[in-house]
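These notes concern the structure reproduced below.
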Amino acid sequence: MLGGVWFVEKHTHSLLFYYKVKKIIYSGKTKYQKVDILDIEPFGKTLFLDDKIQSAQIDEYIYHEALVHVAMFSHPNPKKVLIMGGGEGATLREVLKHSSVKEAVMVDIDEELVNLCKEYMPEWNNGAFEDSRSRIYYTDARRFVEETNNVYDVIISDLTEPIESGPSVKLFTKEFYSVLYNKLSNDGIFVAQAGSADPLYPNFVASLYKTLKTIFPIVKVYWTFMFSFQLPWSFIIAGKTIDPENVKLTSIFERINQINRENFKFYYPNMHFAMFSIPNYLKSALEEKGIVIKDDVPFIWRA
Amino acid sequence: MLGGVWFVEKHTHSLLFYYKVKKIIYSGKTKYQKVDILDIEPFGKTLFLDDKIQSAQIDEYIYHEALVHVAMFSHPNPKKVLIMGGGEGATLREVLKHSSVKEAVMVDIDEELVNLCKEYMPEWNNGAFEDSRSRIYYTDARRFVEETNNVYDVIISDLTEPIESGPSVKLFTKEFYSVLYNKLSNDGIFVAQAGSADPLYPNFVASLYKTLKTIFPIVKVYWTFMFSFQLPWSFIIAGKTIDPENVKLTSIFERINQINRENFKFYYPNMHFAMFSIPNYLKSALEEKGIVIKDDVPFIWRA
Amino acid sequence: MLGGVWFVEKHTHSLLFYYKVKKIIYSGKTKYQKVDILDIEPFGKTLFLDDKIQSAQIDEYIYHEALVHVAMFSHPNPKKVLIMGGGEGATLREVLKHSSVKEAVMVDIDEELVNLCKEYMPEWNNGAFEDSRSRIYYTDARRFVEETNNVYDVIISDLTEPIESGPSVKLFTKEFYSVLYNKLSNDGIFVAQAGSADPLYPNFVASLYKTLKTIFPIVKVYWTFMFSFQLPWSFIIAGKTIDPENVKLTSIFERINQINRENFKFYYPNMHFAMFSIPNYLKSALEEKGIVIKDDVPFIWRA
Amino acid sequence: MLGGVWFVEKHTHSLLFYYKVKKIIYSGKTKYQKVDILDIEPFGKTLFLDDKIQSAQIDEYIYHEALVHVAMFSHPNPKKVLIMGGGEGATLREVLKHSSVKEAVMVDIDEELVNLCKEYMPEWNNGAFEDSRSRIYYTDARRFVEETNNVYDVIISDLTEPIESGPSVKLFTKEFYSVLYNKLSNDGIFVAQAGSADPLYPNFVASLYKTLKTIFPIVKVYWTFMFSFQLPWSFIIAGKTIDPENVKLTSIFERINQINRENFKFYYPNMHFAMFSIPNYLKSALEEKGIVIKDDVPFIWRA
């Protein structure tokens, strides 16, 4: 059973994951990244970018619900939402579950990738791109935020980690976040996927924490576990006035029931709060590790 | 950097983990199992039994604190504690942190393994074997429980998964649990490590849940994430009268401060409750999957 | 560069080969075997049957020329040739280079495989299937040999190793070879690919040697090296009257020049003889190892 | 059986070998290189330098006999022999089998490695270091050759491939070989291990060929197969007046019988000549590939 085709993911230089491949659905390169869409035995259909797992059929909903709904249910009435990245369309799919949303804007630099996801991974967007409330722009998210005259209730950062000369290096800096802050409404909320929450390499989430603290009055980190990443995963959320950890449990119950609880496979009201109980090693890392990321002091991800 | 010595763990037939090895500290076999104690780059000193990771220096405290303290802080005054398995001595170490404990009994069938752990992994027991409250017996835990005349406040099952013809097959059955129930005090609590909490193979925890429900009035599952297992991990806890999810937060605060909060690296009062917010897929599995395990219908772990 | 898709070949339980995959050209199953046709980085287009490498673009010509031409140049005038197996069509291609050949019969049980090779690996047969001298039968080679009324000058066994319940188990037995002997002309030659010539597992070639010695007066083993197999490879050749090691060098020169030396990429007259200089460990193995293979004492390949 | 400790050899960026490890005998670093002496399942005790296999118990004799005896039996009466490299002591062992030898000088830069080999791999030298004819110098072979006033009948280059900033970069250049030429007696012979003879990367042997042709009138390449390297392996031999391919077969028979044929496990008179029948792709590579290696145009091995 060992014989045959495997995909090797170099998690770090000393930890490798091998996935048995059932089928190569697509394998190629866009202008920005190497793309592999594979059917792998343990996780089903799975997207790899630059040989790193991005999302897998078995549990992409955990990642996307955790990323989207903490912010969406913390905001009392999110009407305008901006997504940076999110090429698979699943973040958009989750945003659109909220009937309060009038406009959901998604900005992804990699049009080819979005088209590959549409063609080969339609389960991810599940029709989201056709929703009349959706607007898709293929451009650099930083430029988009700098140039927009709109103000958003919720901004979601669903970006790949900033690898050397990758497209997302300038999307995590203090300078960018201070512009972004001004494109949020007065009770606006910003949330970002913040990478692995493991004890070995917490520098990325710690740096995001340090950086956002220079801009936002309220910054919190929450976590969950991503089976297909083989890692605990962190998210960082920042509010101008709202503290997502102090939202009323009863109001979340009310709103989720209005929408229909069945639409949510991972997120539920008590989970909203449980995710903020992060392990002590991560609390310490937020205080003791990381840097304030700046345009001229970027954070570069290295394994 | 790829070249060199690696340890391969066959997580399942379609998912392999490769760890870079710095040093083989010990490699051999006891009467019961293959034992490898390695210094591996990602996790430091690590114990493998039958080629499966058991505990690693980087985060063994998460597993052991999660296993021990939910039960110990749920019980109002645990004096007598029984540990089944737990060869590394770290479960014992955690139990002994509670000053209420007068007697901590550990029963492990594999004396050679315990001695190897004492010699090569002293950080795990941290002196626990020398504590005057400790009693160690090298015998089959089932026989011990059946024959003992003692009654325990807390019983902790820190056993390896039941593999074919392995020593723990008869330690998860309804028959055994009904004997064990009678060796618990009136407000006694039983807790067990219950294996992976991933969405692919939840059958073990689901079967434990079904089995314990036939014996105990209160059975709850909680989870956390084990970085070195690359998995979310489940624990199952059962009470005769106490519901560990409904203990008072303030009373945990009080007791943990009496002991000294600094002694706990992972467990803290809010985490106690957060761990009970398990994902929906696991809730469903508890209802829909698994079997009632019996002496003549054993559960055998297969990857 | 480590990240990405690899094919794993379990050479033995303690020796694995990993090939970087550029493209999966075909992956599926026939009635008889698992078939993977891959473009792998080190070797180009490559055929795997049941996860074992069969032939690779970079050096299939070495295998096929070594298999075919020693026999063909040893026989003074081979007109009728029978190939058992040889699904890729490359053995047929080599046979047809000899202008003396009037009829080249190929018998392969796996029609689906032959069609896959025709479609995806046309470089291997290079038009051989369309040659007017070719006859292809999709049937069991043993039955074909037993039932044919024809007599052949050269018979070539290009079969996969006899794995448990595989189709070739009955094609290496004393009983079969004694039938085959009678379907050879008086100066007929039989040649077979005889598996790895490594020092660890020489049992297959040794058993073929022992078995053929019970039938043929002249039996010789020769070898070469297959880069894409990562192994030295053995062939066994048997004559009724001709000793292939004692053919005249000058007559081979003459004939190869008549055909056109350029047509041969690996075989050349001095190589004909050099290949018979096998290493001493292999000479010893031929004497000391192996069994006489019989219908009721089959040889089964195990790694 | 897959689980456990493996050694990974990165043969090239697209071809990896995995060996099951039974025991790590020694693992460390000398001043010059990483050293691993392992007991691996397929090959027994095995030496790896910088994560590349060097010699394995199962077939080191093939490499060492092929390297040494072609030169030694080609020279009519080799009395003084110089070995460059050869830290394991097995090349020395083979040289000393010739009773004509009065003095065998071995020059290896890595004294620590030689001592590790003596301690952990005594089977390799088999007492050679204690032979009264042996002289061992721990210094740079180039300096030794430049400074020596002696003249040798046979010089043997048993050096690792020239990797970036490794110790052997200056030991394959035209400048060095022209000095070395003058330290050979009038009928002197130089032989070198010349790396893999595979069809993908024949540049090293081709460059050695081009380089030696500028110095020696007679330069020939021969090959054999190294099972534990999983490769065909090349050797290059150069004579001032003697052509090792045109030595008399009968004289080799005579001399080997004088010594005692039983002492030779791989080499035998016919094999001497068979090894010169190299494949055509290698012949072509010798003509078409490679460079003349010079001090300021070094050959650097890259995988």
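Here are a few things to note about the model shown:
In this document, chain identifiers A, B, C and D correspond to the written order of the chains, with residue numbering beginning at 1 in each.
By our rule, a contact is a pair of C-beta atoms (placed from the backbone, for glycine too) under 8 Å apart; a residue touches a chain by one contact, two chains touch by 3 or more.
If you're wondering where the values come from, they're calculated on a predicted model, not measured in any experiment.
Note on connectivity: the fewest steps through touching chains from chain B to chain C is 2. Listed here as common contacts of chain A and chain B: no chain. Looking at C-D and B-D, the interface holding more C-beta pairs in contact is that of C-D.
Although chain A and chain C share one sequence, what matters here is the overlap of their interface residues, and that overlap exceeds half of the numbers used. Computed centre separation for the pair chain B/chain D is 55 angstrom, with centres defined by C-alpha atoms.
Note: centroid distance chain C to chain D, computed from Cα atoms, is 33 Å.
Residue positions of chain C with contacts to 2 or more other chains are 2, 6, 16. Contacting chain pairs (ordered by label): A-B, A-C, B-D, C-D. Interface residues of chain A facing chain C in the complex, by the touch rule stated above, are 2-10, 16, 21, 23-24, 27, 36, 38, 50-52. Taken together, the chain A residues at the contact with chain B in this complex read 1, 6, 12-20, 40-42, 58-59, 62, 198-200, 225, 227, 230-232, 265-266, 268, 270-271, 273-277, 279-281.
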